[in-house]
Amino acid sequence: MTAPETTQEHGSPGPTAPVLQAKGLIKRYGRVVALGGSDLELYPGEILAVIGDNGAGKSSLIKALSGALVPDEGEIHLDGQRVRFGNPMDARKAGIETVYQTLAVAPGLDIADNLFLGREQRRPGLLGSVLRMLDHKHMRSEARRHMNELGVATLQNIGQPVESLSGGQRQAVAVARAAAFGSRVVILDEPTAALGVKEGNRVLQLIREVRDRGLPVILISHNMPHVFEVADRIHIQRLGRRATVITPRSHSMAEAVAIMTGAVPPPPAVA
Amino acid sequence: MTTPSSTASAPAPVPAKSDAAARPDFDDNRTTSARARVQQLLHANPTLGPLAVLVLAVIAFTVSNPRFFSAPNLSLVLAQVTVIAVLALGQTLIILTAGIDLSVGAIAVFSSILMASLAVKAGLPGPAALVAGLVLGTAMGALNGFLVTRIKLPPFIVTLGTLTIFFSLNSVVSNSETIRGADMPGLLTWTGTAIPIGGFRLTYGSIIMLLLFALVLFALRNTAWGRHVYATGDDGEAARLAGIRTSRVLLSVYTVAGALYAVGAWILIGRLASASPNVGTDYNLDSITAVVLGGASLFGGRGGVLGTLIGALIVGVFRNGLQLAGVEVVWQGFAIGLLVLVAVSLDQWIRKVKA
Amino acid sequence: STPQSSASGGKPIVGLITKTDTNPFFVKMKQGAQDAAGQQGVDLQSFAGKQDGDNEAQVQAIENLISAGAKGFLITPNDSKAIVPSIDKARQAGMVVIALDTPTDPASAVDATYATDNYRAGLLIGQWAKAKFTKEGKQARIALLDLNANQISVDVQRDQGFLEGFGVDVKDKAKIGDEADPRIAGHDVTDGAEDGGRTAMENLLQKDPSINLVYTINEPAAAGAFQALKAAGKEKDVTIVSVDGGCPGVNNVGSGVIGATSMQFPLKMASMGVEAITKFAKDGTKPAASAGKDFVDTGVQLITDQPQDGVEAKDSTWAKQNCWG
Amino acid sequence: MTTPSSTASAPAPVPAKSDAAARPDFDDNRTTSARARVQQLLHANPTLGPLAVLVLAVIAFTVSNPRFFSAPNLSLVLAQVTVIAVLALGQTLIILTAGIDLSVGAIAVFSSILMASLAVKAGLPGPAALVAGLVLGTAMGALNGFLVTRIKLPPFIVTLGTLTIFFSLNSVVSNSETIRGADMPGLLTWTGTAIPIGGFRLTYGSIIMLLLFALVLFALRNTAWGRHVYATGDDGEAARLAGIRTSRVLLSVYTVAGALYAVGAWILIGRLASASPNVGTDYNLDSITAVVLGGASLFGGRGGVLGTLIGALIVGVFRNGLQLAGVEVVWQGFAIGLLVLVAVSLDQWIRKVKA
Amino acid sequence: MTAPETTQEHGSPGPTAPVLQAKGLIKRYGRVVALGGSDLELYPGEILAVIGDNGAGKSSLIKALSGALVPDEGEIHLDGQRVRFGNPMDARKAGIETVYQTLAVAPGLDIADNLFLGREQRRPGLLGSVLRMLDHKHMRSEARRHMNELGVATLQNIGQPVESLSGGQRQAVAVARAAAFGSRVVILDEPTAALGVKEGNRVLQLIREVRDRGLPVILISHNMPHVFEVADRIHIQRLGRRATVITPRSHSMAEAVAIMTGAVPPPPAVA
């Protein structure tokens, strides 16, 4: 596990500008308001947790950031530049890699194919450059390595279609993909929900490693111990808006939960 | 960082050794029973089901009339399925993306009329007419793809619309008149030329067909594009979220299908030694049938081109075999219907073994 | 026809390839051929296209007949031009080929053609209608219910023959619908079936309620058209003419649904054809076309219960004994 | 029970009051803009899209030929779509379960031949012939359902097989001969009788059709069976896990569809005043087109019967309107193709507003 | 929360016979072995937790018990009688109600329809008995009540199709269904994975209430605090088999996790 002191560095947004910023995002579905004017700031090198009740709009918020939904109103800024993501590919090109709550895996393809989907590796030499032939062998062995890294050791057949995997195995595939390929920002929507204790911890470790590579991470989770273990700052989403931002040092878990559920009024944002 | 509360839910990672120790239980290479090995084989090769059906059909027809399994007759069956097989190849790509193409017959026939008209009426030299026809057929496919991806219409509706549009342009352009192969440049009818190999007569059209299957098989299995086609058909929304430009994939698939249909048109001219505006009304159903008999799912993402080739052959073998067996025309429909049902039941039964 | 006989070559094989196997005309033709085959001691193998215009199924049928070693075959070509290369192949393989009902293009592609003169069939009902309208002093408003949009030869010949017989300038004789005569209220297609006939008639009537003369491609389309007229209360004022001579059609002439129809003789075509091929199989004599025409005309007979001067016709009582199905 | 470690992840439930206090933010009945209200309306009524298309088409054709919007012509359009609408009603049920029925035309035509033959050739009294025909049609649908649920074949293949089987039995039974309505008992042709209502002529067939739509609409919306049909089509595996006997639902759907087709056969006899073995070749595509134009998804679970009725009317209006507008036959195909594309684009565009 | 002492009563299997018992269940998929001879006993009135690594075969085990998969070998006994469930309906008829990890909801139907799927309520009177008309209004209000009971208060529109719900809302629908209708045994596969802190706790409470109604419950969860909070006994699944059974009193969370991951050899089963 990373030493506690490194966390100190990351936690402070200080004078640095946010890498990714959302301003007043609104998204309605008919009568339903998923986002009612939501803000978010993500600073360089930090792990920002987003917590909130079910239906608070967490997934909608990060979907807007990753191009999976186009907000009705509001702005998104990446490195200070206003960006408009029409689809997930735009965000991905900008270096934002996302694990969606619904996982977004192709059920009939196998683990390696899913891991490398959209980023397939070609054979070296003419076979690859002229015939554009895929390097199945390499991708399979890489896939096995990634899955083992996440502690998913019960995987018996790397060529299994993803639809036949257990819930946790499937989630691991999605997480491994994001961790391996993020280049600017990594967003994880409930990455440990279906994971076992060991596998969940490996993912937390991975998140720290990604942060230590210099990439800021947005982590959505209902697991308070996990959140308080890795987050530098905690964005609390409530009823489609950001209620406040706290840190694991400024507030306890019980306080965070109380703010989240509306039991106590949100304190002013930290920092 | 290691607070008391987090320990409870997050113990330190356990040494990897223990997993390895437990592994033998689940070893991939444990000795397997013969039955298990058959299951694995079927699991890995879903085309074996249709293949078994094809082989059984060939055996049955040979028993009923030994002439069936003669080299001339088998060449006939191959020549008879060539056009449908090429069209079904394009159809396979579209069905893999969870689409359907009702305009396949219209594109093929219209392309053949365009090639022939450009050569005979507009006086273009053979190669120019051929290339123009191929380009126009490809463009028709691309138009379908454009409507599916840009206007976001369901493929069924798009191709239903273009089907009637292409057929009616076809009537206008052809003036409903057949153009004779004898009047065309030799290149256009070249696909019908046969090379004798023993008693077997293999047409250039069939060779082109086999090459196209090999090409598409390679592309689907060994290129990124192939993976994207499967992912798009499997779960389009997931593929989009995973960062695949699904619109682009779909557009490419409809365009490639159009190109394949245009090549089918060329082979069609060779086969009929004419370009007739009135053929091809059954190509839609026949090509979809071949794809489905080959084991692909109309819901997308499952299936492959080898299955389609076998599916096309099954239909061809049934048609030819029933005739040789002397079944009456009125009862041939009955028999084909029954055989299709039996064939797919058999395939289903074979698959069940593996589940 | 058992597989053994065709395989062992006991009886000579004769093929019959019809346009479709659902049209009663071709069903009758097949029955005629089967009866003749039974009498002549040959093995008849029949094939059919899946719908009008289906050339490819006929090409396959020819290939299968070559493969089966047939002596010859009868064919009603779905595409008169496009079928020729396949017929050439068959003849090169030593078979004798006879076109039935519809000539090939060119007609010389086959050894003989036994056909209805479809143009004449149309001409007769046209002349009959003209005589009737002239006698009654009525101005005609004509609706034409054709087969389909493909301008296939039978469709064109009957339609243009009818118009010619009625005295309309048909312009291009090979093209339906290019006329400019104001008496023509409109064309529509029927697929030669009742439902198509009814819908087409209904729509044309809406377009022009003054229609009083309806040409139909065949008798099922005529029956459909009549229902449309009846529903509109116009069945008394409108004259329907048609082509075929099938028994339901002849009955409809008797009951006044159809004013006049041109009867054709499919049984005769078929039996003549089978006899000719059997003869070839026995002694190698090839059939020849009748002098003057490039086909053997099996005849057309106008059937009506309202005979008109100058147009030879038989009545429905005679027709009921001679109808083909 | 409240150990320190569990507190961390599981604080005591908060008072419910706080939720209620926060509610106003999200109130269901907050004042909405006009645009939002249109969106809500469209959201709640997906048939409004097709309806708008229908209305626009009617307006356009009326402008091009005022005679179009006359009572006699509108009765005509209704009578022309009646058979297809009834068939499309059965097709809708099947498409809702993610199936497809290619045998609809074959079942309808064969049933009409059976009714007429039993009455005319076998000499059964009218009611007996009618009931026998209805039962046999239902049985044909049930056979499809049996093959889909027991042998677990894809609906496309099942109905492709039974399509050819039924059509070939149809040829055998009818001997390809038309039976005239004049020879049948009056009951069989009764459906074609019209009641004049002002200038409008409403046939009993159309009344039956409208009643059937109301009945199926009620069953889909207000009975458990309806919910199960949607659930089965939406996600068959989920429905099965949720405890729905999906096989039974599917079997019932195919059987009901067969019964509807048989009623369609009765209406068909009335409309043509004859039973002809050669009609109905377009019924498959036409019925599916009506369903899809009505907004249903071929992937199942989405759509409804009102949409189908509108879809059938759209096709009828186009066919009739184009003829009245004096469009040439060759160009009618072109125009219909184009109109289908435009219609669905429009519908798509209207729906987009709501997303 | 229920008083600790009531738990004591339930925990002891003692001489009573198991309600539901699995013996030597085996399920293979091609080369993959999901269940390698797994046993399970569920005693009257207890909450039995099933824990294990990802891919350990937990979901496969309960799918066999609920008829969703037919095991290749092995026996299932309900109240001492051997039973064979060919499909989920058989198990459901026998009173076994299950929340699957994949939720098994009909995405296009709304919340009320999903809650009552297969158990729709008809209108009173002739409308219901003759016309078999559904009582939409009643079902909707019941649905709203059930969802509120689970603390899912952010739900804005009870007529929303389930596919448009947030992950947690969707899960709540599935849980509410099982809790409302189980009559003999209730099985929950990861019922709290996507739920927020508050909603998760409500579900735990609901589980206890179900148990207090006398129904035994099988709870699969990766959330150790949850498991240790409510379980009477804990079945540890490992590599497709039952490794052992412990209780929250006999072992600590850390010990349970160590057994589960194979770090320590499984102790003999308690009781």
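Think of it as A, B, C, D and E in the order they're written, each chain with its own count starting at 1.
Heads up, the rule we're going with is that contacts are C-beta pairs under 8 Å (C-beta built on N, C-alpha and C of every residue); 3 or more make two chains touch, one makes a residue touch a chain.
Per UniProt, the chains are A, E = Sugar ABC transporter ATP-binding protein; B, D = ABC transporter permease.
Quick caveat, the model's predicted, so the values are computed rather than measured.
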_What are the mutual neighbours of subunit B and subunit C in this structure?_
D
_Chains touching both subunit A and subunit D_ = B, E
*Could you tell me the distance, in whole angstrom, between the mean C-alpha positions of subunit C and subunit E?*
72
*Roughly how far is subunit C from subunit D, going centre to centre by Cα mean, in whole Å?*
37
*subunit D and subunit E: spacing of chain centres that average the CA atoms, whole Å*: 40
*Averaged-CA centre spacing for the pair subunit D and subunit B, given as whole angstrom*: 30
_Can you list every residue of subunit B that touches 2 or more other chains, as numbers and ranges?_
5, 7-9, 11, 14, 19, 26, 28, 168, 171, 330
_Give the residues of subunit E touching no fewer than two other chains, as numbers and ranges._
30-31, 33, 102, 153-154, 156-157, 197-198, 200, 223-225, 239, 253, 257, 261
*asked:* Could you pull out the residues of subunit C that touch at least 2 other chains?
replied: 21, 51, 149
*How about subunit B: which of its residues touch subunit C in the complex?*
64-67, 72-73, 76, 79-80, 83, 168, 171, 175-182, 271-282, 319-320, 323-326, 328-330
*asked:* For a test of understanding, state which residues of subunit B touch subunit A in their complex under the given definition.
replied: 1-3, 5-6, 8-14, 16, 19, 26, 28, 218, 222-225, 227-228, 230-231, 234-235, 237-245, 301-302
*Would you pull the subunit E residues touching subunit D in the complex into a rising list?*
1-2, 4, 7, 68, 87-89, 92, 98, 100, 102-109, 113-114, 117-120, 122, 131-134, 136, 151, 153-154, 156-157, 177, 197-198, 200-202, 204-205, 223, 225-226, 228-229, 253
*For the complex, which residues does subunit A have touching subunit E?*
29-33, 52-56, 58-59, 101-102, 152-157, 160, 164-169, 172, 190, 193-200, 222-224, 239, 257, 260-261
_Contacting residues of subunit D [partner subunit B, same complex]_ = 4-5, 8-9, 98, 100, 102, 147, 151-154, 156-158, 160-165, 167-169, 171-172, 285, 288-289, 292-293, 297-299, 330-334, 336-338, 340-341, 344-345, 348
